[in-house]
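Okay, so chain A shows up in both of these, paired with chain B first and chain C after.
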Partner chain A sequence: MRVLLAVFACGLRRYSTYRVATLSSIVVNGVFGAVNAMVLLAVFDARPRINGYTAEDAVTQVFLAQSLIGITAIFGPPLDLGGRIRDGQVAMDLLRPVGFVRWWLAQDLGRAAFALLSRTAPTFAVGLALFDLALPADPLRWAALAAAVALAVLVGFGLRYLYALAGFWLMDTRGVNAVAWLAGPFCSGMVLPLVLFPDPVAAVLRTLPWAALVQVPAEILLGRTVLPGGAAGGLAYQAVWAALLLALGAALTARATRRVVVQGG
Partner chain B sequence: MTSVPLTTPVIDARGLGRDFTRVSGPLLRRRRERVNAVHDVTFSVAPGEIIGYLGPNGAGKSTTMKMLTGILSPSHGRVRVCGLEPSRQRTLLAGRIGVVFGQRTTLWWDLPLRDSLALTRHLYRVPAADHAARLAELTELLELGPFLATPVRQLSLGQRMRGDLTAALLHAPELLVLDEPTIGLDVVSKSAIREFLLRLNTEQGTTILLTTHDLGDVERLCRRVVVIDHGSLAFDGDLARLRATAPTPRTLVVDLAGPADPIEVAGARTVRVEGPRQWLELSANPAEVIAAVAGAHSVADLTLREPDIEDVVARLYSSGRAAAGAPRREDPVSG
Partner chain C sequence: MVERALVPYARLAWAWCRALAQYPVSLVLLTLAQLGATGVELLALLFVFGHVDALAGFTLHEALLVYGLTGTAFWLADLLMGSVERLGEHIRTGSFDTMLVRPVSPLVQLATDEFSPRRLGKNVPSAVALATALGALDIDWTPGRAAMLVVLVVSGTAICCALWVLGACVQFFVTEARELANALTYGGSALSEYPLAIYGHGVARAATFLVPLAFISYQPALYLLDRPDPLGMWPHLRYASPVVAVLLCALAAAAWRTGLRHYRSTGS
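Here is the complex of A and B:
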């Protein structure tokens, strides 16, 4: 555990060295959030209520999503693992006396912790300053949101770890990353809340892991969770996906390191 | 095992081999062929040895290193390192060996060198006092002081390599595996690293396995060399015996008073002429040849040049191929 805390701290410190990148992502998240919110406000102007969502709900979800981009890395990267598999640096990671999945998870949690302070909070503040957001008064619901965000980080890591691990078999994960870059924002409910999709499409998207990144935390925040058990049901859904993805990641890691070739001389 | 060896080998490889599947050809008519990257390699390394693992590019050196460190599982044979089976007990083994790949780094690119070195204490569960003492010692020996606070991305190659060596040694490993540790370094850095490795070996008894193309490394460090070529073991023995196995003639460099026709004397053959300087490949006693040359010509200067290990290895490769791959092998530490 001490090891993982130390790796976590290195991950946190490492990302804190990218100051300009952090600042520019806050600007990007804020601007995109505002544009996205204005588009949705226009939509809700025509129909004030869509599948139970109000304009305020939709804008709240938009800013929650923008605030979560950094911490859950909805678009895919960053996880250096993919590049390290490609150029063979992964050999050095395999030569550490620490479990491979845990090494990368601890490092990514460090990155997420930094993103929480440096990106999530400021981006949400931008939304609060510019728009009317639907925020709960119930502290219990905020606590549930905190748990949901933590689980979203785990799901986000689980997905990105698998994208990167594909490199052991594919040699080059740029194709996987391109698909992930599209799937993440659409399937998670970041670009458009899933309630605005046609019902059959939304029903499918709700079964996929990406929904755990934005849609489920947003519904927990808005108190609108459609899953049985309310907020608890939403958290359970996220927890199951996190466990499945991490277990799959661990199993594939064992397989990759047994059968597969580390690149480079 | 019929006999109990006096010392348990640090590395024990028996019939080690690795095949790769190479896919080639157009998309719809892919051909799969099995490539034998390493074939039937047997050698063992006793505690305290420094072994040079040599071979041309593509001979299978890195593949062997990967099997020894557990990041690649062997297709054939078996291997034990520090008594462990590398590919199955990789994480456990990682705690007992130190590995430096000259072209890669374990250091955190964006963080000060000090942070990466501090992390190794937790990674290898080294007691804080031991870690501090060892870090102080290595900092002094490798002169890390001036750049401990510098982010790794700003270090020069030589500084980074010293940082990587430190990171690999802070947990006092029994075996240090070095894959081209001096690649790309200048003469001064190379020499500093060689002297450090020798000290580490003699004072702390650390076993060192080293691959290199730098024959200065071999001559300075390795009493024993293992040569691999085309995936098979071509030689295992001491450096002097390698020279004897693939005899490479000594060269006499003669500086004459002025340009002249190629010298013709018994027991030598002139192989190169450049103005007043001539190179003679010796096949007889140098003293006799020198006397003959000095008697027949006006000599300004003479130098007798020992064959370079590079020539020896090259000769071994070419003769090995000519002899249809019959490996020359002696195994001084087999039990």
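Here is the complex of A and C:
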């Protein structure tokens, strides 16, 4: 456990080195949030209520989504694992007397913890400053949001871990990442809230893990009960996907490590 | 100009194309991925118009025209000049110094570095949108207007190229600022994918006079549709795209020279 805490701290410190890059990403997330929000405001200006969403709800989801980019790494960066599989350094990782999945998870949670303070909070503050957001007064709902964000980080890691693990079979994960970085934002409700998708498409996307990254946390914040059980149902949905992805990751790790052939001395 | 910039540009770009053609499957798959990346934006626009008939007075086909003009200009610029955004990386690793000692303009070398024809994939959805819009809209096609369409697309592409270079020049001063430039380039393209009228007066003015995004697609679309600006801005602005393109390219060239003069190697 102490080792994992140290890895967590290293992940946190590593990303805190790039200060200008962090500042730049807040600006980028803020700009994209503002553009998306203004487009949706124009849409809701033409039609004030769409599938139960108001303009305020949509803008709130837009900024929550932009705030979640840094912490769930939905647009990347990929885990270093993919690159280490390709160049063989993964052999070193496998020698460590620490669980493989846990090692990478601890490191990524460190990254997420730094992103929470340095990107998520400032980006949401930009949204608060520029637009009217629909924020709950109920502290319970804020607590539910905190849990939802934590679970979103786990789901985000679970997905990226699987993308990286594909490297054991494909050697080069760039193709997988390219597809992932376009499917993730679209299927999660970040490019456009899922409530604005055609109903059959939205119904399918709501069963996939990506919805747990943005759409479900947004609905928990907005207090909408789409899943049975309201916020609890949403959290359960995220928890089930997080557990499934991590279990799949662990099972595939066991299979993958049997394939490892490290070339040369 | 032709001898010093275009010929080396074409040669270097072609060398990269041949290199990438060595892995044809990878090339095709990554091209498809690029196509998907811009395809989802178009899909989002179509989904939005599933709920409303018009945004700020612009119908689906008019919005597709704006989207198509922006996409064509922006992604062509990305193909031609997009690599300049890696300037900071080249400075940090010292490979920019290597470019400076070679007898070809460093800007040409930077722009053609890892030139990738797969970026053409990004152009497919906007080309489809543009073709659909031009086919469906009732445009009064005079020879002048047809010729102007070409001029407008070239001007828009030049404006976007200048924005890429301007964004890259910031990295001469702050090498880590690659993402900051993305706010200008990708953010600018996201903003101008929709008719500027939907953002209201303040944003539209900033996107006309501060960062001239309006001349990539919004003003050209008003010209092609021959309709008044719902924001009530000066009607002659729609003819200004070529002038703006020349001015912005001159500004980008000046910024590049200033940056280059300011540049001191990392020393390692």
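Criterion: the second predicted complex is superposed on the first by the 258 of 265 C-alpha atoms of A that agree within 3 Å, B and C clash if a C-alpha of one lies under 4 Å from a C-alpha of the other, contacts with A are read in each partner's own complex, and residues count from 1 in each chain.
The rule is short, and it goes like this: a contact is a pair of C-beta atoms (placed from the backbone, for glycine too) under 8 Å apart; a residue touches a chain by one contact, two chains touch by 3 or more.
Because the structure is predicted, anything quoted here is derived from the model rather than measured.
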Contacts of A:Leu182 with chain B and chain C, given as first, second, both or neither: second
Contacts of A:Trp142 with chain B and chain C, given as first, second, both or neither: neither
A:Ala21 touches, of chain B and chain C: first, second, both or neither? second
Which of chain B and chain C A:Phe32 touches, first, second, both or neither: second
Partner chain(s) touched by A:Trp169 [first = chain B, second = chain C, both, neither]: neither
Touched partner set for A:Leu192, first chain B, second chain C, both or neither: second
Which partner, chain B or chain C, touches more chain A residues: C
Chain B versus chain C as contact partner of A:Ala46, first or second or both or neither: second
Touching both chain B and chain C, residues of chain A: 18
Footprint of chain A on chain B - complex, ascending: 20, 57-58, 61-62, 66, 69-73, 87, 90-92, 94-95, 99, 101, 103-106, 108, 110-111, 115-116, 118-119, 122-125, 151
Chain A residues touching chain C - in the complex, by the definition given at the top: 18-21, 23-25, 27-28, 31-32, 35-36, 38-39, 42-43, 46-47, 50, 172, 174-175, 178-179, 181-182, 185-186, 191-192, 196-198
Residue ranges of chain C touching chain A (in the complex, touch as defined): 26, 29-30, 33-34, 36-37, 40-41, 43-44, 47-48, 50-56, 174, 176-180, 182-183, 186-187, 190-191, 194, 198-200, 203
Chain B-touching residues of chain A, taken from the complex the two chains share: 2-3, 5-7, 10, 13-14, 17-18, 88-89, 91-92, 94-99, 257-259, 261-262, 264-265
